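Next come two complexes, and both contain subunit A; in the first it sits with subunit B, in the second with subunit C.
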Partner chain A sequence: MNEAILVPIEMAATWRYASGAAMERFCDGLRERRIEALRCGVCRRSYLPPRPICGNCHAPLSEWVSVADEGRLEAWTVLQVPMLDARTGSIREAPYGMGLIRLDGADTTINHYLAESDPARLAIGLRVRAVWRPEPRGAMDDIVHFEVLR
Partner chain B sequence: MRHVAIIGTGQTDYASNRSDASQPELVREAAKAAIADAGLRPQQIDAVLISNMELFEGRALPELWLGEAAFAAGKPCLKVATGGTSGTSACISGFHQVASGLFDVVLVVGLEKHSEGQTQTGMALTDPFWDRAVAAGALGNFALSISQYMAERGVTERQAAMVAVKARRNAARNPHAHLKMPALTVDEVLASRPLAHPIRLLDMCPQSDGACAIVIAAEKPARRLCPRPAWVKASATRHEQPYIGDIDRRLVTMRTLRDAARGVYERAGIRDPLHDFDVAEIYEPVSYAELAWYEALGFCREGEAGRLIEDGVTAMDGELPVNPSGGVLSSNPVGASGVIRVAEAALQIHGRGGERQVEGVRTALVTGYGVYAWADVVVLGAQP
Partner chain C sequence: MILEGAIRIPFKYAAGRAGSRFLVALRDGMRIVASRCETCARVAVPLRTLCPACGGDDLAEVEVGPGGSVIAWTQTPDAGSYALVRLDGADTAFLHRLVAAPAGCRIGQRVRVRFASSRRASILDIDGFEPVTGEGR
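Right after this comes the complex of A and B.
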């Protein structure tokens, strides 16, 4: 049998996505280091990311609540292999910590990077605080990572 | 609703790189084998369902490129793409098409060819405003959920490694499997490369190339064509809210899998899953997930999954063999993986499992699992 012909394809392309009103307000807040969640009037759950409708109650959401940039570490891991950073397309070198963080005032958790990457120094229940980039641009990666408060 | 059965299965061999065959060739190989296994000719297929995660291979319209190879030209053809549940959801769609009377004979083909694509990129192309900035892929997100599961249930790394060993040893008896490791030990799993604490290389599923197909038939053709049809007793699919942070302790709670299983068990008359099922083919992309599924599927009480694997309850010679095929941990062409679960469970009822056959299977459980928490559950039986 002949050698298989493998066709290599490379592509550089740009996409543009509309945020919707709730995410627009959230991103505007990030510019001023302000985090806001939307609370469901039926189940009282406050959602990050904010969204127009509660998926469980199907109720429209309009009650904005302030959320701290501090919270509780609800889950953690340390990545030991390099992973793709989907926003930049570049590779994030290992090791690095990741967590699910419940910010004070929110009921959902957010996944984000941790400054700590030693498994022996990470545990569920730790208090963590956002470290912001010097000049926020209105996106989730305005928070560089979360540092553990000890 | 009409009775529905699986009357044929076809699988390619799974491997990390099948550059010996194009994507359509893999699809044709599996489709042809399933149709022949059912004692049919391609023109007797009424409709075709294709399961594939098109962004993994980075090409649009897989149903166009692959459809002809699945004998779909001139026939109704649909594509299903729901992450890991793609394959089971495509099969369930086929069950519905036949049960409703819409079609008598439906072919389902699942394909993935990870070697030709960028799976990590495909996984990362989710919500551009939220997930992408901090994407950790399936690996990191599993590791996060596992930290919660271990903390709450006391499951150990050694117990998870036992799941990984069981899968690869079972795979050694499956001629199609990708990772066949008949002599793998728990210590070797624990010594394998760390990927994302506490997940190690051998805790994780591989990325495989391959295709799998099944033929679904209504009662009349099923009884005429198949000596032991695998009857669909009940099936269900469940989706979740969009973000991992929406789901409270997902491996512990797993409301989608619990809800789907509860409804399906009730309709199929399953009261004690561990005793009532003779075999299970469940979708376990990581060793720890299998332990969590034992609890969500009611094989044991909460917190007892570690004991189940330690006692060999789910081993080939145990009370309920789980994944005689080697499971997703041994072969994982994502779009095909759910179809493989259904095909392997059907094979067990057909009594044609070869070296991986479990004695006297009359009732079989199948699950699918996708993205953060989507779940599919199917019960197959030797009687309609």
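Right after this comes the complex of A and C.
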């Protein structure tokens, strides 16, 4: 049998896109470590990240509300295989925790990294808090990950 | 506000039976191997398991190059240059970098493969084509 060769390839792509008005205000807030959600005037549901139209009643949203950088862990998993980090485009080494987090003041969850990667130390209902990068730049990864409050 | 996105997708693919032989020959012998079809006599480079011209599977392994003639060449916006070269002994064109100043490059220009000093069974075991001066045709 001849030697079998594997050819390594790396495809790279970068792109730019318009944030929209709601995400622009949200990202401007992150730069000051401020998290803001958009609340529906009809059903009172607070959306985080903000969206321009209510998913329940289709009403246009314009009422901004402050949300804490602490919240409740609604779901979690620990990844065991290296995966692409959608925010940087590069591989994130396993294991690492991910969670759906409902911040105090929001009715929706956001998907983010967890500082904890030990399944024995993770549970639905835990209180978590955002760990911010030292100099926020106005993007979702201004939050590095969420740490569990014990 | 304009946001930015990025993705890098690393992966590996199997070069296959003929592709592996081709790459190993580059790495170990600095040889460029091609297939000569015993049915239609066409010589295709890199090495194949089936003749791309007639589909025949009765192929002999032959060596081509390292000299060749430029069929076409182009310059990219980042100032890299690429050439399609018909290697001596081959009937197909081979695409690779032009490594020397292409200012005077022309169709029919004689070139020669320059091999990389460090080789790892990759198409980049060839640095590219460099012009040959003072060689008649």
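To be clear about the criterion, the second predicted complex is superposed on the first by the 136 of 150 C-alpha atoms of A that agree within 3 Å, B and C clash if a C-alpha of one lies under 4 Å from a C-alpha of the other, contacts with A are read in each partner's own complex, and residues count from 1 in each chain.
In this section, a residue touches a chain if its C-beta (ideal position, glycine included) is under 8 Å from a C-beta of that chain, and two chains touch if they have at least 3 such contacts.
Treat the numbers as computed from the prediction; the structure is a model and nothing was measured.
When the shared chain is aligned, subunit B and subunit C each come close enough to touch A:Ala4.
Look at A:Thr109: by the touch rule set out above, it reaches subunit B but stays clear of subunit C. Shared-chain residue A:Ser90: touches subunit C; no touch with subunit B. One of subunit B and subunit C touches more residues of subunit A, and that partner is B.
In the superposed pair of complexes, A:Ala12 makes contact with subunit C only, with no contact to subunit B.
Residue contacts after overlaying the shared chain place A:Met23 against subunit B and subunit C alike. Put simply, subunit A uses residues 4, 6, 9, 11, 15, 17, 19, 23, 27, 84, 86, 139 to touch subunit B in one complex and subunit C in the other. If you check the complex, the residues on subunit A that touch subunit B are 1, 4, 6, 9, 11, 15, 17, 19, 23, 27, 47-49, 55-56, 74-81, 83-87, 98-100, 108-113, 119, 124, 139-141. Taken together, the subunit C residues at the contact with subunit A in this complex read 1-15, 17, 19-21, 23-24, 121-122. Here subunit B touches subunit A in the complex through residues 19-20, 58, 116, 120-121, 124-126, 128-137, 139-141, 143-148, 151, 193-197, 199, 241-246, 249, going by the rule given at the top. Residues of subunit A that touch subunit C in their complex: 2-19, 23-24, 27-28, 84, 86, 88-91, 138-139.
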